[in-house]
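Same chain, two partners: chain A is paired with chain B first, then with chain C.
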Partner chain A sequence: MTRAPWFWAVGALRRVVGIGALLALAAFILGPLATLLVWAFAGTWLFPNLVPDFSLKWWVYVLSNADVGKSIRMSFLSAPTATLISAVICIPAAYAFARLEFPGRRVLLLSFLSANAFPKIGLYVSIATLFYRLDLMDTFAGVVLIQIVNTLLFMIWIPTGTFRGINVNLEEAARDAGAGPLRTFFQITLPIALPGLIVAALFAFIAAFDEAQGSLIVGTPNHITMPVMMYALVLGYPQPVGAVFSVLLSLPSVILLLLAQRYLRAGYLAAGYSL
Partner chain B sequence: MRVHRLSKQGALGLALVLPPLLVLGFLVILPAITAVVETLKPPVGIEAAPFANYTQVLGTRILRSDIVFTVVVTLVAVAVVFLLSYPLALYLRFVRTRSTALLGVLFMVPLFVPVVIASFAMITFLVGHGLVSTLLYHVGIDQFPRLMYNATGIVLTEVWVSIPFAVLILGAGLQAIDDALIDSARDVGAGPLRTFFAVILPLNATPTMITLTLLFISIFGSFTIPYLVGGNAPQMLGVTMTAYLTQYLRRAESVTLAVIAFILASVVGVIYVASVSRRERAAR
Partner chain C sequence: MPRLVLEHLTKRFGTQAAVYDVTLDVRDGELMCLLGPSGCGKTTTLRMIGGFTAPDSGDIQIDGRSVAAVPPERRPTAMVFQRYNLWPHMTVEQNVSFGLRIRRIARPEIERKVQEVLALVGLPQASRKFPHQLSGGEQQRVAVARALILEPQILLLDEPFSNLDARLRVRMREEVKQLQRAIGITTVFVTHDQEEALTIADRIAVMHQGVLQQVDTPTALYAYPRTLFVADFIGTMNLIAARTHAEPGGASLTAGPWNLAVPDRTWPDGSDATIAVRPEDLFVAPDGVVVEVRRVVNLGHYLQVLLQCPEVGELRMFTEKGAALSEGQRVHVRFARALAFHGSDLAEIGGPMRPTVASPADRR
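And now, the complex of A and B:
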């Protein structure tokens, strides 16, 4: 027989977390997204009609817009570049944090939290003042660097946790059998660590791809990514335009998440976001 | 011999962690220091007073009200997220039914929605002639407070975006609490509320601190949400400093506001790093 949870007897709490709360939460979380999705297929939607006149004309409008095409290309060039650079420099470092003894290891690992400990927009404004001096404003490199800021923490901390979780005996057994350190890493450690590394890369890519506020400051006016384009579309165009573009902008994240679904255990999620 | 091997390993370790550290230094530490140094330089054409930039910014009434507005909106949003997320995390941890499985998926949805899209979705939902007001109109309500382009809109959108973070961190902490401790508290006669305040809350103190501090910093430093769903004035600091930088081309004021934001959030940032550090130590 399972025991009732410890707080179950509190009548008020039980009522709060009852069916009503579930429905309210569902309406609050899904309501805005559902509205947005309907807008994406609306020609016009006049108050107080409950349903719009459906039409695909705004899709044609958005997809034939040259600036939109440019922003899609910019996003698909910059975000993978940022993720790749981040992976190449961070994964060896994560292995070192997990396996090697060196002075200051703990403090250096914690120092990566500093990216999260600053209010982001203040950090971007500071980066911009530095970039002005280095002529990195409105450059591809500047946009990639801004995106890398958002990937570092995922790419260091999730792989460090993954490598720590691998039994050292496995690596030592391979070494005893005569494998060199590199061979051990590539044939034993890496395959076991792969799911964790994929999750880290996925988070890093999504963080880089979705970065908007820093890229707006650093990339304007010639290096506009999709999320930055979205600001202009939200503020200066009819509602359906922003809605259509939102669907386009969500596609990469949704597709990647579906592909990586089996690796996304709640544990990894918590590890990634409690940083 | 052993000392020699250790130092070789130490050198290798440092060499491997050096590249990302350099990037971190270049993109976080150096900009922060540059910003502080820049704000201490006197503005052009004004007699050298050490904190001239700060007195000028803090002497501007609009900027002062933006600072106050930012702190108040942040505190309210953090409180609302926390009060919604803690019960949800408790519910997900201690109740196993079909509706919990559904909730467990539902609350994570905002995690995968870019903030720009989330803000726009909230606009279509809550704006004057949006879905909510349409529905209310059809049930006969056409007088209600404005939900968009003001502080309410900012808070609601921040809450929407932040709930998954808070529930995940709190939930991971609750997961680590041994059921035996809770059962024994109940066996010696503690009621549900007493069990919560005497056992659960203290044992989950570190994740709670991480949640509160992370929420504060991320909401305090947000730009997209107030930019898209906020009103004209007062506005949150993120929007103000970006406008000074990119529209008014007044870099000194912009950087000074950034450093003021750093200072206001610094205590919270230190508590955040200390809490994560404590959890790391406990985990090993």
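And now, the complex of A and C:
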């Protein structure tokens, strides 16, 4: 153990240092978001002015743009679809990972990390060549598939940890009372696991919603999602347009996080990351 | 006809036999305890009866019908687990009625039965509570209620009270015993606590390293342990290493100053044997062997005396609390009764047991 620095012994100083660190951290995290918000509601913001003049004109501009509307629709269709399909595939798989001992269990579980372990752009290019042959380029299904790749890690690891945290006795007691394996899963295991599964679905949704690189490659030119649209807006429009769109882009994540915050306890998150 | 029959039941985990060749009959209405130290295979045996673990070989019969291939949901057994019994997302009522709802029994009938069984376990007011609002003891009572409402042929209890504090544990086992008597349900109870086993069981099956050692009533188990393990495990026992001598018409054993005749046994000269003596079977007698009193512990209604015996080591003696013994004193002691273990053979030496000075459950 290292000795605490001398000033640590002084109570007041320790408090000041603590609060200072907290404020610095808050500024670091919230500062860019605050700037973004200011930009989004700014008409013009030129040098000597500390505060810009308030205006909603960029909102009107963005929301009346047909391409933007299309990308919002695309995102709100594709991300929930990807999350749902991912859940249907991954939750049973996670249950198997949690409950069954089979050869290669650890390796398989680790393999779901592989999509996140390498530079994704290479992966997407090779997926794109595959999609050309399967006629999945520039299709809704192609975009959803790409988004699913990004959800796998969350949808496998967090539910595996959650299922693992549920004592087998609870399931055995249900079998004992006369429930078959399926009824036991749906009436006992699933409800108990629900908070963990909600957290997993939340992360998966955000990962799918946020996906830009792969969707850009697979979805152009007709299946543009919001993050892909962002590239175009940032490159080709005045700064407030990008800010407005950023706010739009982060709204679903913020709303979902607020709705699900009671499930976002450390236990569920930590449970996901143990082999 | 016995209710439950285990025939040559064997279960291996890897190469290790967790349960080896266990054959056991449990009679109708009997409370059978599976007793042994942790890892002796008692829980594995219970789980095989409940259908949660498949035996490698052997058979399980309930009412003469083999259930070895029947999944737990279709066995006429109900289990109360050690921990994590209740489903946390359901109220007590939902927990208890789960099995009946599966069986599609009419709603009023279910409600009546739930009230009945909750009253039986002494929790008539708890039906709307959630498990986390109950104490540990109450939770286990609900677990018992949930098992009983299924009206099983056999009730299985896997160390159900081991997570409760000592006082509550004693009360709960009295309650379970009374309940079991009242409804006359055949019960298999797993415990590592011999006091628990001796106080509630009709018969006890002692297991050690997967092997069934002895099945007997608590009294018989205490008085006539048939293996050295049971002799050592149940109650307190002085075990003394001895040597055999062939004699005309029998054998004799020597251990330090002790010399005991074992009639009717033809044991080879000079082989190893073990003498087992209960502490209450040691008594002070003028013609006994000289030992030194090391420590006298007053345990309330009796004294526990540690004796140092030359060439043998420490011996434990229980005696009446009025006995005038002081530390450092030399006394002469004798055995009223002893058991001699020679290989798999067993001989009783001396007369019937002296009246016990303490209930067996107190000696641990």
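Heads up, the rule we're going with is that the second predicted complex is superposed on the first by the 239 of 275 C-alpha atoms of A that agree within 3 Å, B and C clash if a C-alpha of one lies under 4 Å from a C-alpha of the other, contacts with A are read in each partner's own complex, and residues count from 1 in each chain.
Throughout what follows, a contact is a pair of C-beta atoms (placed from the backbone, for glycine too) under 8 Å apart; a residue touches a chain by one contact, two chains touch by 3 or more.
This one's a predicted model, so the numbers in the text were calculated from it and none came from an experiment.
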| item | value |
| --- | --- |
| Touched partner set for A:24, first chain B, second chain C, both or neither | neither |
| Chain B versus chain C as contact partner of A:192, first or second or both or neither | second |
| Chain B versus chain C as contact partner of A:169, first or second or both or neither | second |
| Contacts of A:178 with chain B and chain C, given as first, second, both or neither | second |
| Superposed model, chain A: greater residue contact from chain B or chain C | B |
| Doubly contacted residues of chain A, that is, touched by chain B and again by chain C | none |
| Chain B-touching residues of chain A, taken from the complex the two chains share | 3, 5-10, 13, 16-17, 19, 22, 25-26, 28-33, 35-36, 39, 47-50, 89-90, 92-93, 95-97, 100-103, 105-106, 108, 110-130, 132, 145, 148-149, 152, 155-156, 206, 209-210, 212-213, 216-217, 220, 227, 230-231, 234-235, 239, 242-243, 246, 249-250, 253-254, 257, 266-267, 269-271, 273-275 |
| List of chain B residues in touch with chain A within their complex | 6, 9-14, 16-21, 23-24, 27-32, 34-35, 38, 87-88, 90-91, 94-95, 99, 102-104, 106-126, 129-135, 137-138, 160, 163-165, 168-169, 171-172, 182-183, 185-186, 191-193, 195-196, 207, 210, 214, 217-218, 220-224, 227-228, 237-238, 241-242, 245-246, 251, 254-255, 257-259, 261-262, 265, 269-270, 272-273, 276-277, 279-280 |
| Residue ranges of chain A in contact with chain C within the complex | 167, 169-170, 172-180, 183, 187-188, 191-192 |
| In the complex, chain C residues that touch chain A | 50-52, 71-74, 77-79, 81-85, 87-89, 98-99, 102-103, 143, 146-147, 150 |
